[in-house]
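Pasting in a structure now, in structure tokens, and then I'll have a few things to ask.
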């Protein structure tokens, strides 16, 4: 049984490559999707396509519209959502994607470093499972096939 | 036509009192609900009811479970959700409540200070309207009755 | 049994007053809601609340966001939607409201002048009933109580 | 990941061929569907199948019933809806298809010429993204795969 | 707790009066709605409101459109649906209303004379409870309050 | 694009074979499913699997339970439902399947002989299209691919 | 804000009276509903209304049909579900009601004695909050109003 | 037509192997999924992945969270759910899975030994079909293809 996993969360390191690599090692029939990981492209996609906007507020809104469409398409195709929070940045779009997954009935695995236990406690309580590392999330995916 | 408004967001100042006061001045038939605003009570409600937990992680999870039930009950009763972000704190439960409102088809007004335009851009793009002040949010509610 | 009726459609004459008047004459327990009928207010509400926008495109988008929120609140409260098309203007928001009503399972009465039979044929086919006059729509509402 | 795109909108020029051609050039794994583009066939399909009707009103209704069934089948199979408005005609079925897409949770890209910004402002505000050209819509589809 | 009951089914005798009378005797806080019981009015309502139609087929379709709207409004307001089949007539609209109730998650009580056990077996299997008499249906409603 | 069509309706002649044959002649990529067409098997399947029941009423209920499960599985897999009414029998399970299709958002084609126009008028009004012959239904399916 | 609470669970002691009494002491605007607590009546309601059945299996099925209708009506009216497990009996209908509440998006409080922690662990994990006593459940309801 | 069957229920004997074997003998195009059948692994998976927990209550909750995620993924992929109750154990997670299937609109076959007729009567009444043996459940699956 093939499953599609949406990898929500920060795009400031290569954790998604680790996920893909580990899935290959475990020989799991998984397809991974996720947000645009080229940070500059993600921020500029609005102006790239729609042309120059009248200020940063409008540039951000144009980029977000296209990024949100992309996420909506890919999340609707997914069977499981993994949302990883890092130690830096506000990461409100990660919280948004994770909450949307729960509201749509998509099973959610939250990856959360220890420092964020308190501020993420409500979202963690809504997730199916909360773990601390990418490895633990992969063990859960592997368990589906055991 | 009476409407019920869920006021999601930070509980570190008395912005909800301002909302209630302005609704009274404008003579709008609105009922307001929201999260527990007594911060200590909100953090301790798990141990208050369920007894001492084996550490902070479990204390937080117990409190969150009860706070999430409370929010689920009140949000399902609401016709509009207003989510206010302040300048401090992670406020991931605010992002969670706002995203849940969108996913449930509840109209959402986001109140967001200027400094947060960039990190909140995806959530702002999903909201019906994003404003900068409580006054602006109240003008939108007033407009429903005009 | 009290019912709430959302009156979608053009705001260039006083057809809604006729509806309300006839409901009173027939002594029907109906509450009516509808879009903002003050055309200038509807067009300017975005800038009125959010401040001046960088051009007409953005002014229109700001106004539409607030008008759409208003419609979403009121349509979710409604039991029946009546959508009236006039002979002038594009009236795409009327088509949008009517289609949304059908998709949400809200019973829809379309009021359509003879000249518009051909261009409105697909929407008419989706409506529960299509009539030519406000009087006919009111007779249908009256029939619910017979 | 293969996606199916429903191309709603006017059938008076060959813009859908452009879309298909560009998808091929960009080597995107997309399948396109859309309304009946043979205008005469679309108008006459009711009488073609059901036999002569007692006047234009009934001829139009018969054709619309079959066209609406066709659209319902194909839109339910689609992952994204693109709706293009041209400068002529009422195009209310385009507005209907676009609104239905939004109500069903299908991501929507609106293609809208500059002259139509004001009359289409409410629908544009509900779309995920609004663009001015077919090329821009294709860049958004391409971005999903980047 | 007040409940609203939609009484689907044949309109050829006064079984609905019996229902209302028995509810009064049992002092149950129930509101009853149902289809148009004036048979001529039900058949002619299309032409009464929309004017003369080009033949019986179109007269029937016009009447059905208005009757279906009426049923949709009232069934959406109901908490329980009772569908009574008599010994005569095709009663396909009764089967339609009963099936719609099940599909919408409305609890369904079927009243069915013995002779119809075999032809109604699939619908009976989908109903919550199938009884043979109006009295039995009323005892079920009474049991909700015990 | 492959589509699956559920063929609801009477099982007293071989109209489904005609459908399959015509689809082959037209070279349409359609898969057909439908109810159990072996009438004796359909009536006896309850006792065949569950053992002898205490009378006809229970025999019928046991068979219906298994037939309804079969229909639920196959209808959930279908993209279009065709429901054919013949001139004989009550055919209430056909009405039930057709109504369920509408309530689930499955496009519905009704095949109805002329004599049944009046008693089937409400269900016909809810169908996407009503035709008189199997050939006409097949032309509609063919039109989806044109 | 008035709330309705469905009290699922065992009917072998008077825990529901305790709930009602405590709500009165705390002066909470709550309405309580629940299953039939007269055990004999609950077991016999099928034969009471439908007449003697051909054996215990059919007697049980008849009673369950009517009890399930009752629960469906009352649970659909509820804002919160409390499910109490006692130390005796299988209580599978309690598990069924609790699971249905979760699947319908109704907030669920589970009351579970310590001995049942292991066998009820999956259901407990799906509940919003699991407590050990009626008092704790009441404190959660009280907290909604704080 | 390929179908996926989720096999809920006890994991204390090898009834699932029997199911798979019989499907092979009957040459049915079925894929089977189900809960983790390695009982120790199922109980320990929480601590295996998340590390040691502060007591049995937390160990159980951690395991259940991961088992529930697994079930949610697999049940959402399934076309039919079979739930088998054995003569021993509380089996509340079986009742939970069966009830969830019904609430999600998944067709449900219940396998229930004679001794459990009374305590399982409400759940049995909600299932599509209740049988006593694995063989009977397989005959129902076979009947879908006849």
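By written order: A, B, C, D, E, F, G and H. Residues from 1 in each chain.
Everything below uses one rule, namely that contacts are C-beta pairs under 8 Å (C-beta built on N, C-alpha and C of every residue); 3 or more make two chains touch, one makes a residue touch a chain.
Nothing here was measured: the structure is a model prediction, and the numbers come from that model.
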{"item": "Copies chain E and chain F touch via same or different residues, half shared test", "value": "same"}
{"item": "A-C or C-D, whichever has more C-beta pairs in contact", "value": "C-D"}
{"item": "Averaged-CA centre spacing for the pair chain B and chain A, given as whole angstrom", "value": "24"}
{"item": "Distance between chain centroids, defined by C-alpha means - chain C, chain G (Å)", "value": "43"}
{"item": "Centre-to-centre distance between chain E and chain A (centres being mean Cα positions), rounded to whole Å", "value": "49"}
{"item": "Centre distance in Å when chain A and chain D are each reduced to the mean of their C-alpha atoms", "value": "31"}
{"item": "Residues of chain B touching at least two other chains", "value": "65, 68"}
{"item": "Contacting chain pairs - touch in the sense defined above", "value": "A-B, A-C, A-D, A-H, B-C, B-G, B-H, C-D, C-E, D-E, D-F, E-F, E-G, F-G, F-H, G-H"}
{"item": "Complex contacts: residues of chain B adjacent to chain G", "value": "4, 31, 33, 36, 38, 41, 45, 48-50, 65-66, 68-70, 72-74, 76-77"}
{"item": "Chain H partner contacts - residues on chain G that touch it in the complex", "value": "56-57, 60-61, 63-65, 67-68, 89-93, 95-100, 102-104, 116-126"}
{"item": "Chain B contact footprint on chain G (complex, rising order)", "value": "1, 3, 79-80, 105, 107, 109, 128-129, 131, 136, 139-140, 143-144, 146"}
{"item": "In the complex with chain F, residue positions of chain G that touch it", "value": "54-55, 58"}
